[in-house]
Amino acid sequence: MNYQEIISEIYDDLKSTEDSGQVASIIPELAKIDPDQFGVYLTTADNREFGIGEWGTKFSIQSITKVFALSLAYQLVGDRLWKRVDVEPSGSPFNSLVQLETNNGIPRNPFMNAGALVVCDILMGQFENPAEHFLSFIREVASSTGISYSETIANSEKATGYRNIALCNYLKSFGNLENDPDQVLDFYFNICSIEMSCQELSNAFLFLVNDDFRTSENRQVLNMSQAKRVNAIMQTCGFYDESGEFAFRVGLPGKSGVGGGIIAVHPDKYCIAVWSPKLNKKGNSYRGMKFLELFTTKTASSIF
Amino acid sequence: MNYQEIISEIYDDLKSTEDSGQVASIIPELAKIDPDQFGVYLTTADNREFGIGEWGTKFSIQSITKVFALSLAYQLVGDRLWKRVDVEPSGSPFNSLVQLETNNGIPRNPFMNAGALVVCDILMGQFENPAEHFLSFIREVASSTGISYSETIANSEKATGYRNIALCNYLKSFGNLENDPDQVLDFYFNICSIEMSCQELSNAFLFLVNDDFRTSENRQVLNMSQAKRVNAIMQTCGFYDESGEFAFRVGLPGKSGVGGGIIAVHPDKYCIAVWSPKLNKKGNSYRGMKFLELFTTKTASSIF
Amino acid sequence: MNYQEIISEIYDDLKSTEDSGQVASIIPELAKIDPDQFGVYLTTADNREFGIGEWGTKFSIQSITKVFALSLAYQLVGDRLWKRVDVEPSGSPFNSLVQLETNNGIPRNPFMNAGALVVCDILMGQFENPAEHFLSFIREVASSTGISYSETIANSEKATGYRNIALCNYLKSFGNLENDPDQVLDFYFNICSIEMSCQELSNAFLFLVNDDFRTSENRQVLNMSQAKRVNAIMQTCGFYDESGEFAFRVGLPGKSGVGGGIIAVHPDKYCIAVWSPKLNKKGNSYRGMKFLELFTTKTASSIF
Amino acid sequence: MNYQEIISEIYDDLKSTEDSGQVASIIPELAKIDPDQFGVYLTTADNREFGIGEWGTKFSIQSITKVFALSLAYQLVGDRLWKRVDVEPSGSPFNSLVQLETNNGIPRNPFMNAGALVVCDILMGQFENPAEHFLSFIREVASSTGISYSETIANSEKATGYRNIALCNYLKSFGNLENDPDQVLDFYFNICSIEMSCQELSNAFLFLVNDDFRTSENRQVLNMSQAKRVNAIMQTCGFYDESGEFAFRVGLPGKSGVGGGIIAVHPDKYCIAVWSPKLNKKGNSYRGMKFLELFTTKTASSIF
């Protein structure tokens, strides 16, 4: 069976069973989406591509953006990055603020909100206009000029993101933020609001698959060692309090977003983007998780 | 360069630099060991073997035993296991007792002491004489009859293991233990006291490398899916609060013990056992961690 | 209205309204008691006595014993006591074990189980036969030879007290216990099993009311400063996570037990013992709390 | 010895011994103060007044303002107040944010910053111009028109108060704040910036001593039951993580501020204000704590 057959079969399977997830309610604007959309896109190391369902529809990538932010910061400042953010799983969905207290303001990993805010702060120190630069970076990596911020989504988060405001000011109180908290939050809400399709995401993540990946501008995003390390962090920290479960069931490095997207990477073989807005209790796409579990089982392609 | 040259080169390198670790002090008997011993053994999927240093000397495998216990319990009770223990990283070296409070007595993973005690409790429900049976299992998997418990080490732990006694009674108070806490502890201290050489360990872990692994009695230890899942848990939870760091630096599933041993597994390629008694601040072998980081870098064999 | 009229009126009032508490289930033997018993006894500074209901029936004083243990230890070792146990409220009913981690084995106060275990350990260092001596002390303070341990209750706790076993071994692991944990637990379960009537309790606590209190053997229990300090600790820590509420509603130093007893002390004026087995959600006697709130309101005798 | 002799003697005593405290550094503006100032003022229930040292110098009352805010809110909304803030001691100086997580946004007491912010939010719902009204209230209670906000101090807090900004937005994320977090913070920083002398403070707190206290406008601040309850909360929660210690050593309800002020109340007898800027490790005035301990010992006037 080839990839197209496999993804089609799993897709049909899941389409015909109930989706018991819930659309995210914490960002009001996200709740307006059609919850039954479902798309999948697979890009292989040798540039074959396969899609099924709404793979061309753009959606809010949300926390998946943290992988782009981390990668760009890693490219720019190298291992100095790890003085301000650790690489350990966090242990609890609720302990973001608690955790900062016990670790004196060092977020446990760059995929917790606190860690991503520190990464944003680092990026802001590198560019005159970080929002513009960040968007250029993603467009280049994804080879797609049609990627943009969603002002509506960003504003929706700004208006209701009290917990993130709390987190950002808390980081500042520990001295682990150089810029003004309000400006860091602005940048953070912006990069989370980026909208991409499964196809764009899947193509963009090839830099974590192919050691010799070059962007459309013929630039390397990360060297091999760096790419492996970003994959390692995705493996141990990519799914909040379900990271262990994802390693256990799917067996690939990956990252989810509250918009219902998941990207998973098989180093050497492929990357795959899945999108379905309804989330399970841990905040990850219900159908997305199911799809990927079935996919690595059928293809026997867990990295473990 | 072949494997023998690579491990020899790294070995010589580390031998000539200072070992800034500390021998474990929590088990008095362990502190009596010669701290400068250092051994490495590599077994490949196609049964080639390579050793350097004290690869034939037996040492206390301590927490590495948890992988054997988990695998045997998984073989025997299957996925029912996960009702009593979770598969998520724990987030903190200190939160074993805290964590049980917030999770109502369900340990976060089978490699925390609390989780291993639950696994012991499960094994005790399967056998008349669990200690005898467990030893037979390890001897069979390692194809070595010379493996035994160390009564001295087990007694040393019993005499000073107040925190484990606390943990075990705490589990019992939540109802997540069927047997008497004292008997569970006895069994637990016993299986931690097993002594094996790097060679024995490396050979024993082949069941997590080869899908068609058979013991000397021609038995399968785990099916492919189960083996992958045990590897996944080692990846996310095998090094306490340094699990993220190990994934980041080494990029292999593995498990450490306070006796200074580390086993690491490359699914499909090899397993490797390293032993050096001095531990870093997180309680993992200082030289062992360094060795494995250099090894996966030189062989470009991180799974990420 | 005199004291007899006041306690009778409140008693009748509460007898005619529903008791929505629940008998303690954590000690099986305690659950066998007739849950509708209700007794009150008041002893004034000038030795007038007033009782209503089952004031003469003995019941398991449980944690109230901690005040006797603290007072005896304070008498014997003075302020050295505070090196091993603090005097701060604990903040949470559930954090006994957590709290020990953050405070390196120093219990926050002598009325948490952990703190009482440390006090027991101190008493054991003072006597050949601490259990015998402790009983003599209580009999002398209460001027009653009919007070005894309940072997049945003590054994019931020993058989099911896994959480206390955990706590005690945890303390030992921090080095804040000189004796063997099993022996400390034995002594602790014994002193908690003491049975006294409201009359005996109320008379016994006069040493925290009258500055010149003398026992039947003409001995002072505590000097004035010490008595005030024990009262202060009862005020801030006497009711677990309801200590603030008790100060707020009743306004007297006091101590409750899971057997349904409460003792409250008005320094200078009186002490009062109330007993009713059904407990509220925080583990304190439902009717006992109500009674005392109404009593200090009617007599305008809150210390605040 | 009369009160004047007693306070003079203790004052001289402490003046001649070293003050090992440290001036608060968290609010830059506060650090500019002369650290050796020391004032005491005592007002009795029968309106006798006694002062020593810098009793007439105004200082930043900081958290002492929380008692005024609580009292005014209690007067205005009565027991509805307790639906939004609890009355239990907090257990730890560091757990303000942690605590909100475990209690779903209900602060444990009105003297933690989180609780005081909720009280501010309640006051803001009562007045067109809460800042103006609050100042009038304090002036009336203290019978002094010369009391004002310090814009310098308030601005200094605003510019550096990241932790309070975090806390306030965190409360908002739980829905326990009706107003805009920025406006609540503005009001909060304002009321903390009020400057009063020991004399003004001591006179102002008479409403917690005398049951029939009337302001200069002949108004009652709180009824007897309410006053007793505010005293009870001060007793159990008035000194952060040193509340138990204060009850133990001093034995009076009281409240401290990071500006070095402490107010203590003996219900029925007196209130006393002490001010000395250097703080002990728990953040309470070093000399203030010492003074009050000696004072209640010499006058044997602990309430216990």
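Read from first to last, the chains carry the letters A, B, C and D; within each, the first residue is number 1.
The working rule: a contact is a pair of C-beta atoms (placed from the backbone, for glycine too) under 8 Å apart; a residue touches a chain by one contact, two chains touch by 3 or more.
Here the structure is a predicted model, which means the values were calculated and not measured.
Mostly identical positions are employed by subunit A and subunit B in their mutual contact, as over half of the interface residue numbers are shared between these two copies. Matched by residue number, over half of the contacts between the chains of C-D recur in the interface of A-B, chosen from A-B, A-D or B-C. Comparing the CA-atom centres of all chains against that of subunit A, the greatest distance is found for C. Taking each chain's centre as the mean of its C-alpha atoms, subunit A lies 47 Å from subunit D. Taking the mean of the C-alpha atoms as each chain's centre, subunit A and subunit C sit 55 Å apart. Work out the mean CA point of subunit A and of subunit B, and you get 32 Å between them.
Residue positions of subunit C with contacts to 2 or more other chains are 95.
Residues 86-92, 95, 99, 102, 108-109, 224-225, 227-229, 231-233, 235-237, 241-245, 247-248, 251, 253, 267, 297, 300, 302-304 of subunit D are the ones that touch subunit C when the two sit in their complex. Those residues of subunit A that touch subunit D in the shared complex are 94-95, 97-98, 101, 162-163, 165-170, 172-173, 181.
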